[in-house]
Amino acid sequence: MTVKVAVAGASGYAGGEVLRLLLTHPEVEIGAVTAASSAGTPLGQHHPHLAPLADRVVGETTTEALAGHDVVFLALPHGHSAEIAARLGPDVVVIDLGADHRLASAQDWQRWYGGEHTGHWPYGLPELPGARERLRGARRIAVPGCFPTGGTLALAPAFAAGLAKPEATIVAVTGTSGAGRSLKPHLLGSEVMGSASAYGVGGAHRHTPEFIQNLSAVAGRPVAVSFTPVLAPMPRGILTTASTPLATDADAEAVRVAYEKAYAAEPFVQLLPTGAWPTTAATLGSNNVQLQVTVDADAGRLVAVAAIDNLTKGTAGGGVQSMNIALGLQETAGLSTVGVAP
Amino acid sequence: MTVKVAVAGASGYAGGEVLRLLLTHPEVEIGAVTAASSAGTPLGQHHPHLAPLADRVVGETTTEALAGHDVVFLALPHGHSAEIAARLGPDVVVIDLGADHRLASAQDWQRWYGGEHTGHWPYGLPELPGARERLRGARRIAVPGCFPTGGTLALAPAFAAGLAKPEATIVAVTGTSGAGRSLKPHLLGSEVMGSASAYGVGGAHRHTPEFIQNLSAVAGRPVAVSFTPVLAPMPRGILTTASTPLATDADAEAVRVAYEKAYAAEPFVQLLPTGAWPTTAATLGSNNVQLQVTVDADAGRLVAVAAIDNLTKGTAGGGVQSMNIALGLQETAGLSTVGVAP
Amino acid sequence: MTVKVAVAGASGYAGGEVLRLLLTHPEVEIGAVTAASSAGTPLGQHHPHLAPLADRVVGETTTEALAGHDVVFLALPHGHSAEIAARLGPDVVVIDLGADHRLASAQDWQRWYGGEHTGHWPYGLPELPGARERLRGARRIAVPGCFPTGGTLALAPAFAAGLAKPEATIVAVTGTSGAGRSLKPHLLGSEVMGSASAYGVGGAHRHTPEFIQNLSAVAGRPVAVSFTPVLAPMPRGILTTASTPLATDADAEAVRVAYEKAYAAEPFVQLLPTGAWPTTAATLGSNNVQLQVTVDADAGRLVAVAAIDNLTKGTAGGGVQSMNIALGLQETAGLSTVGVAP
Amino acid sequence: MTVKVAVAGASGYAGGEVLRLLLTHPEVEIGAVTAASSAGTPLGQHHPHLAPLADRVVGETTTEALAGHDVVFLALPHGHSAEIAARLGPDVVVIDLGADHRLASAQDWQRWYGGEHTGHWPYGLPELPGARERLRGARRIAVPGCFPTGGTLALAPAFAAGLAKPEATIVAVTGTSGAGRSLKPHLLGSEVMGSASAYGVGGAHRHTPEFIQNLSAVAGRPVAVSFTPVLAPMPRGILTTASTPLATDADAEAVRVAYEKAYAAEPFVQLLPTGAWPTTAATLGSNNVQLQVTVDADAGRLVAVAAIDNLTKGTAGGGVQSMNIALGLQETAGLSTVGVAP
């Protein structure tokens, strides 16, 4: 079986990462590669690391260009996905790397993004309870945000097992590629290197409602989430530290057992041996989630730490994994648990 | 007035930073510069950035070498300060950059460090209520740990004003110099660059009891603290994100007023304008603390973010500031609020 | 065909990179994984990025452990390869990632490394004239040094085409992993980040005779080489800038033609479009060499720039490529031209 | 004496660095702080590290705003300095951090920059033979480019002493701040971190004629210069490696003697002890030049390495140093040889 895949928004970081993964996917043929302002330029100009595609000319993102593909990845600014998807027909697998269809609540959408809410698509975090069932055969998939990927996986087993009170404090340290290729002064290398900074503090980051949606669904009741992202001087990677007040007198070993059970069969979640803690470098370029969890008995909190590559598991890899499930392919096809380090 | 100052442990990062600051201190003459294993080597070999001291030969840390100084800075592994201090006589100002005399509780000391607790010295965080009074004329000073410096200043006004419930979640992103010059594999550049990692998770970091001690003193009752340090790829800087459940219905503006009041007269705490968030780069090499605070109404939490240079305000600069107070010098002498950026 | 491969020196960076590549090699089964001081520990402790091998216990590097393999990679300190190779028997493909068998001249060996010269093995830089012939069927292979890989490929076409006078000035900017995992103060993250430094200046670096050997062979006469390595704050990558006085009045276009001809059929050398210049990030984790060349008419010099990943094409990838040739496998098996970026 | 100083172009990196230095200058009062597009915004928004100036509102760069100052620093895009200088009157000390008045040759100016050549001002590299005489009492000063500062100081003694043949190969590794604050994709943190890249290769960089001008003047005959800049992942610093064919049979010791003689009295040039090599980190924020030189006997070349902070000695610090000389102040006022490290 050969799956023909188009990528819209190919000149950005998310689009580039999709292409990087598809180049090694055994069942995929890369079709149209499109963008907006960079249409007409060679792909090598935007992604010099994708040597086999260096001479491909980026097309314009039009319905015609995207027609005739089995799968279309959308790596677009929010608000553009629904219209394109509508034109592609119901049989095409549309994988939205953007935010448009992540939130179930139209009210949340209005509050955090504004504009019309264009619906809620099956959510591409296969590790969540029931998610694989919803993804199998799906023709529309909303890939999670990079932060909610890490934070949800870090805490879901705790809420699922009833170990946690319904509140969570999540601080996630991210590399700069999460902000995309936009030319903003604070993203210049001169500003970023040697510096850490917080942003979207106080619940102002748009991934907050996605955290709440995910964790509340797992907990079966509303979970209050305090989320703070921190920008760190590295191109890739998210290290999430997440804690929650313990609802039981579970100790570290009991908590570990719950996590082991939750993730025993997951191909892309690696609970590290006791005493080892995740590093983002170990996940670079891989779809792997490195995870560790413990209990702070004095503070009465469960503390979990997760490392992912924000562009792979956090974006493009999560999308490819969901595509594989939707199409009935091997879930791990085109994906790896091996990082590039040091 | 010329103050003659010795530095023991001069070949490490903390010792080097003390020397860097003393070089510009208008009232100080640098006397003995000593160490253990690097005794006999030129200082330029260890601190090539201290050009004016390049040819100074590092002496051995002995009572004789340290005698005859008005002030002695101790930048030593824990457990060594009390004995040296005892030999220096009661009139010498001994400033301990190590952990030995930070904790008031012998029990805490036993639990976190082990070995004999050699007492509690006046605590060199002048911004805490009552601290300046205790530091004036002091001849023994315990300089706070780098993490507690940032985290305590981030939350103290909240607890002092009764805005916070007695618990705090603190995640602090630190540069590598906080770990000193020890040759450990995970501190190699190859491992650190491009990577973020957590350590001492679950209340395992030795700065945890110091946080509790400080915040409980301000709050007037025991405060539970969940502390997680994160190592980030930068040589210097700590970005602390700290949050606490609101005890009142204070909004962001009310919280800001409390912080403004608390720090209005502080020469080294800069509450940023609303909407601006601290970056560690802005404090590089300076004794400045950049601070911002807000309220996450949905989560019911106060969230504060502080940036410091871990070696300056977090170690050596805090020590020099306390020395100035102890000796009745201008508190800001030899210190700056100007960082080196970008 | 399944090739059983052992890796000796598996806990270092070069050994880890060999394992990373072998994990995706379609014809390879990873056999013994051995080391010296880290024998007995799980591989995941040394290479957390190699998730599928995390639980493998590192064996001790003994003749017994390495017996029964088709291929043995040696990632050892210099001086250890010959003895091990002798014990493995003549039919085993021994691929030495170390320096022991790179130099043809025993005198050069003596001068630069000291100790006994244990011979010259077929040199694993397939892109050099005649190299593939020598590698086919070879059972002993000396993988080039990382610097000579970049610098030789940058200048070989110029010397081969008679465009250059017999001297070259090579400055190569390298990431820190080239220095391995040794615990040296100047390799600490705190020292490396934010800093560039030169070392081995004035012809003192051991890769100098290897440059001379390679370029002289191509030129057909002795080439004088001034080589300066520069350590830069990045974990991987070598950016080589190499220049040589023009021997003809060739302009940039004529030079380009010579380079195009030289590398047209090479799977791992990518001459970039005119005006584009190599970046090491584009080669991260790949076996690709990005190359550009031009003429500085005022200075009368040809200037070439090459980017490689020092651990991949510069070490382990070059070794796997040579292994493939020696065994008659697809030369590109287990290797990629796709980097991980940004 | 209080010198009133204005800075035009204050929101960029060069302007910010001038302000950082002036804040500690004992004889200076900072007057107008102006810019173009950022006029009307608080300085703290652009330079959060300059805490004491955070609330200063940036004025517009007009003749009126700059009037009434003793000294005006111009940190402007090239082509704007002459007109502003003309309006300021002949008694004001105008210090041009831009390129406009560095080149003596109108023809060079035309070739490299285009547009009208507005003249050659006294060149602010005091360490060059005769430079201090030209700077004393000067009212117009052209501050050297950052690359020519490092490269000229690295090789001048060799040419002055007749040790070198009239050609030089210079490769300079620079931090990103040298490119200023312009929003270009290749300067984004995501692109820069983990990557080294060359640019302006083949004599295409505009600093090339400035190198030639400087070295030819010292040598007393035309010197051919091959210059290649390399962008490295660090915010500040230039590490220059420079080599030249030996004109004599001088050995390393003889060369060293020439350099010692040349720089013995220089407050900001530090020839390191034999065997020690410069690191850019050691000069961070300082006006110091760290220098080392040796001989590569095999290659017949003298090789020198210099480290500077591109924004300090390479731009703003060089300007302040020249201002001090012009006004008859202590040459080192407001400047330091102490870097901020690690």
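The first chain written gets the first letter, and so on, giving A, B, C and D; residue counts start at 1 in each chain.
As a convention for this text, a residue touches a chain if its C-beta (ideal position, glycine included) is under 8 Å from a C-beta of that chain, and two chains touch if they have at least 3 such contacts.
Bear in mind the structure is a predicted one, so any value in this text is a computation, not a measurement.
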Maximum centroid distance from subunit D, chain identifier (CA atoms): A
Type of subunit A:subunit C copy interface by residue overlap (half), same or different: same
Chain pair, B-C or C-D, that carries the greater number of C-beta contacts: C-D
Subunit B-subunit C separation of Cα centroids, rounded to whole Å: 45
Computed distance of Cα centres, subunit D from subunit C, in Å: 37
Of all residues in subunit B, the ones touching two or more other chains: 13, 177, 188, 190-191, 193-194, 233-236, 279, 281-282, 284, 341-342
Category of the chain touch graph - line, ring, star, complete, other: complete
Touching residues on subunit D, where the partner in the complex is subunit B: 13, 16, 20, 23-24, 42, 44-45, 47-52, 54, 177, 193-194, 235-236, 270, 272-273, 276, 279, 281-286, 288, 290, 336-342
Parts of subunit A lying in touch with subunit B, wherever the complex brings them together: 167, 169, 171, 173, 175, 188, 190-191, 193-199, 201-203, 208, 224-226, 228, 230, 232-237, 239, 241, 243, 252, 277-282, 284, 292, 294-301, 303, 305, 307, 341-342
Interface residues, subunit C side, partner subunit B - complex: 13, 175-177, 179, 181, 183-185, 187-194, 233-235
